[in-house]
């Protein structure tokens, strides 16, 4: 097989070297991320349901979860949700196969419940949040087979586009790692920090400003002093973390909109702003690599909730990121790499219309020195396209 | 105070002596009863919320729960719900008082969840059933005060009518007690019997036919033989129970619509027909005394979910039943008693426009012999009207 | 065929002769009646759809419409709806037949829209009221055939009960006719009168009190004087109408809860209290004869929205009323007639388990004089049972 | 005032000169665009409502409309919608001001109805599509005043980013103009073309491939030949239009997924794929300039439905586009211009943290030659920022 793979010089500066850089990550408790997370966990659960029941993944698409914000009355020491958040799971799914009814609605609800209880533990399912589901009948069985025994490479049925980058810049790294650490080890020790952590990184030249909006959970915060300590602790933690990733000048701000005199602080009952006025939906936040990066080309495609067997947009966004990461891990001398995959309708998806890897090399490295290696890795990863599907179904890869 | 109480002869035969009698009870797992139960538990929870937060019950009305049936795939040994039941709690409630927001929506959902888990234990909240809530703002505070310290007798703001009867006929007793026993002690020993038990009693002369429709729970039934045993066991149990209450000829049928040859039996996943096609709503089933009795005057008023402080229809239906029961407990010689209360707009509800007690005496008893006693009891119970409200809030009285 | 028809003496006074009588009618604009009307028009539309498309009526049941009240800001000269009324059409319907998809949802919505625009003309569909639909799949085709060419008499599949009465008492007549006239010719000349007219009749001995609650439409009322005139006009009209039907003493009150000093009057934007806080649902209001009559046995069955081909409760309630009316039209000497029909599972519905006609004869008339005539008419009407279905589908009979 | 405006060389090739270019536009009938359009028309209507009633725009945000697809049975000559599309308008709005209730829900529904009837004329409101609304209370009044008399420049309350480009490349121009023309003059003459027109442009070197997916409306298409003619006509029209904008090689394909042998063609009842399985939501489709352009930096911000008075993301996306267009209209010698605006929390929005205009000049033009002119125009447009708000409210600017 001859794949159309092109390796060329990227006709711009590496993002790391640009004068101004902006990066954002909406943490897992952000209303848009909640929708991404619910949609993707519903997707995984449906894939698994189909594999369990009929041995292969059937047609579905669940990339349209809508969240309508609730109302809450937070209070130091513990307030309450007054009006529940409403989440509507929207999509299509195959509800019957070979005469057997498949419990897609119940499965979707159970997946949402389990995901929410893990991601937003303070949110009580069924009272703080009402989840409903509208899954229409899909338009027929999936032609492409992804089963327990066999994985066919599906045909592209749409012109779609995926783009991935590597390596992350320092600012990108800080933004991504800070959110992950805050929602990981930090949270384990600091239950007062809710999962709705939004991080904005802005670099101008060699100064990096990190702005964190962190929802505090009122039950663990006794008063304004306590709150102030909690904010200071986050600031210090992120500051330390940032310095591990850069030698540039770093400034960290947390909850800059607070006004202590007015008693206006970012206090929540459940750890997410969805409890009070912030709506959300799928595909409005982080891209497939977990970041919003206006300095780089991005795909508008909502990755979360899409069927991982044959949705070319989902697969190519995840695959291009994976390709970029593999190349930069294995090949030295790359300062910035952008991988684009463009599908060709009617051809297997491991044979894109064009796969191009555009590179800014490090000083002293010529493109010609690494071109063959890059090409080989791209080719190898394309050949392994069905592994993206498998990783998604098994939950090994994040989509937002 | 001079209450307008009239005691007179009831101008018909006692129902016990009529030629044909029909009685019905929809068990607690019937879709209409589920709605009654949810509406009433939401009402209780709101009363309690208001008492806890502001010391008195505020304006609300939650008598409009709607249930949309789901779809299920029952199977011997255990099937599954395919499409969840949808329950919409509808009504009005005061959401803010004295600047404080009151969590009426969350409270309503929690009440529904708790009630459902007790009444229909096999029904998993949030996946087998989705509960949503639409409580509009009430039209202002309740003028009538029912607080922790003071209970005012409210004014009637509507012309309304309540009717109660006592004693129950044999057929009524059998129908009511059979459902209670099946959903009580019998169920404790027989988990295969679901709460959706519908009992129809028909008496022609001295023959009583009891027809039971009993939803069996598939997880506890291994096959058709097992099912047949379960049905036979219910039949025998009800037959024994009936004979404790009558010397008439009794015939009991259970699940008469079953067709074993066709494999069509009354098997469910959750123990309620709401899982498969049977919708429900408030006020469509049992009257306030727990029965549907076409031989007797009935009020159309939906009792469940109404505000027990000032909803005159709810109070008078419960009170007239209580009056009738008290009279027949305390006064001998009454074969049939019908108590009617008619409100007078603008007057305290313990001063009805008319309270009449119509009596069929037993042979040898003259109305004049008991009239004074009856009158005194009716007067006493009317004076104690706020106790009805208290009993309802504390959950001591059933409304369906 | 030998039908089990019994004619006997009714063991009570004619309602006309009882000391106290209560009657109520909720007008077509009352929230419960709106639900009845929507449910029944949806039912008619589905019957017609099935007849048009497949030549026979298929399985459906749409007797569960729920109305959630809106909010409005009425004002003399014309106010506005602030938050729309929400109506949810609930039920079951056959959505596919012989490979053809049937537009049951769209048909239901169109029927609701058309009904509402006729019944509540001031209510703008889609902005003042949002109508949604949840029709689950029915549990299979209707076995009983009611087609263009053939009408089979269906088998009773349930033990059900219908009851009808005739003739109406004076009070019943006044209550029913007043609402019809107000919502008919009176409304044509007086657009300020909305369709939400609720009429309560109370007779004590020879005094009849008629209490009318009449929603006025603000666009046609310029101020309080105008409103007062409108109220007075209704009072006078009802007073005149009442006197056509009785020689008893009549008192008419209209909108007794008004308080002009407080500026509290029954003014609406759309002519229905559903616009502001009054929820509604099917089967909570008028019985099949258009009245609520606690002095008479009533069926709890919701008639509106049920499938008229095989829903035994609907058919028997309508049929028993029709039988009672026919008998009293054709046979002289009947002061009060109560017809009860009790189904027998597994038998054709024109062969009820028992049909009894209980009669209070007029003075000087013996039951024996008219027994044979009554029996013959009952028999004839039972034989013609499928005509009830036809009348319902064609909209010739009202169900509430 | 000294605005921080930077003019610099764009460190990449003009998009027009890049080897591969991809552009997409989802037409106004695409499910995502329907949501954008509804959200934006609701936003405009609310702004207007607030201006009319209280003289200034209050707090609201309506950027979360969700569309759940319906089901349809299209047929040559005219099919039907079987299950309606469901649209849920989501957001926040101020519902009361100075004691007056504001009809935000009804206004939102009316705006959606009017927009849909214009944008998707074949879609019958209320039966083919059900629109519901969930607008929560906003978190208080908007501090920034945009009134009839005064327009304050609001403070930035968030770190946000807007990006605009000009001039459009040939491919971008073709894609945008083709959709506009098809949904404009072409549609006027060809009612068979529905508004759901999706156009993908792909340029490789000097070859431009335009792929059109065009929903045909069945009522205007009599059969397969007719359909084939309709497709051919669109192809020819777009081909002609494209050649007006480029001298490159152009290939146009329409409805490439059709399979005439299988009878599988892109036929619809209403002209949008939302009728059959394609869900949609706001902010998932076109960016503020009407295009999806992966070759250029894009903002993830959903522009449609946001409050135009103070939502910095909306304003900066529209303003940066406007700035770019003004500069390229007024200054010669610019081959590609990218304008970025980054807000500074707490500063008036006409004083961004940084406004940079990055330029690829045409051959022979030095940046220094035009820098001063560019700077002056950027400064002027920033000063005029409230005009963006005015244009949005008056509907003079498209947001998708």
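Order of writing sets the labels: A, B, C and D. Residues in every chain begin at 1.
Throughout what follows, a residue touches a chain if its C-beta (ideal position, glycine included) is under 8 Å from a C-beta of that chain, and two chains touch if they have at least 3 such contacts.
For clarity, every value in this text was computed on a predicted model and none was experimentally measured.
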item	value
Contact-graph separation of chain B and chain D, given in steps at minimum	2
Chain C-chain D separation of Cα centroids, rounded to whole Å	51
Rounded Å distance between chain A and chain C, as computed from the means of their C-alpha atoms	56
Separation of chain A from chain D, taking each centre as the mean of its C-alpha atoms, in whole Å	25
Sequence positions of chain A contacting 2 or more other chains	71, 83, 86
Interchain contacts, given as pairs of chains that touch	A-B, A-D, B-C, C-D
Residue ranges of chain B in contact with chain A within the complex	71, 73, 80-84, 86, 95, 100-106, 109-110, 113, 125-128, 130-133
For the chain D and chain A complex, residues of the former touching the latter	8, 11-13, 18-20, 22, 61, 63-64, 66, 68-71, 83, 86, 88, 90-92, 134, 136-139, 157, 159, 161, 163, 200, 202, 204, 211, 256-257, 276-277, 279-285, 287, 292, 294-300, 302, 340, 342, 345, 354, 356
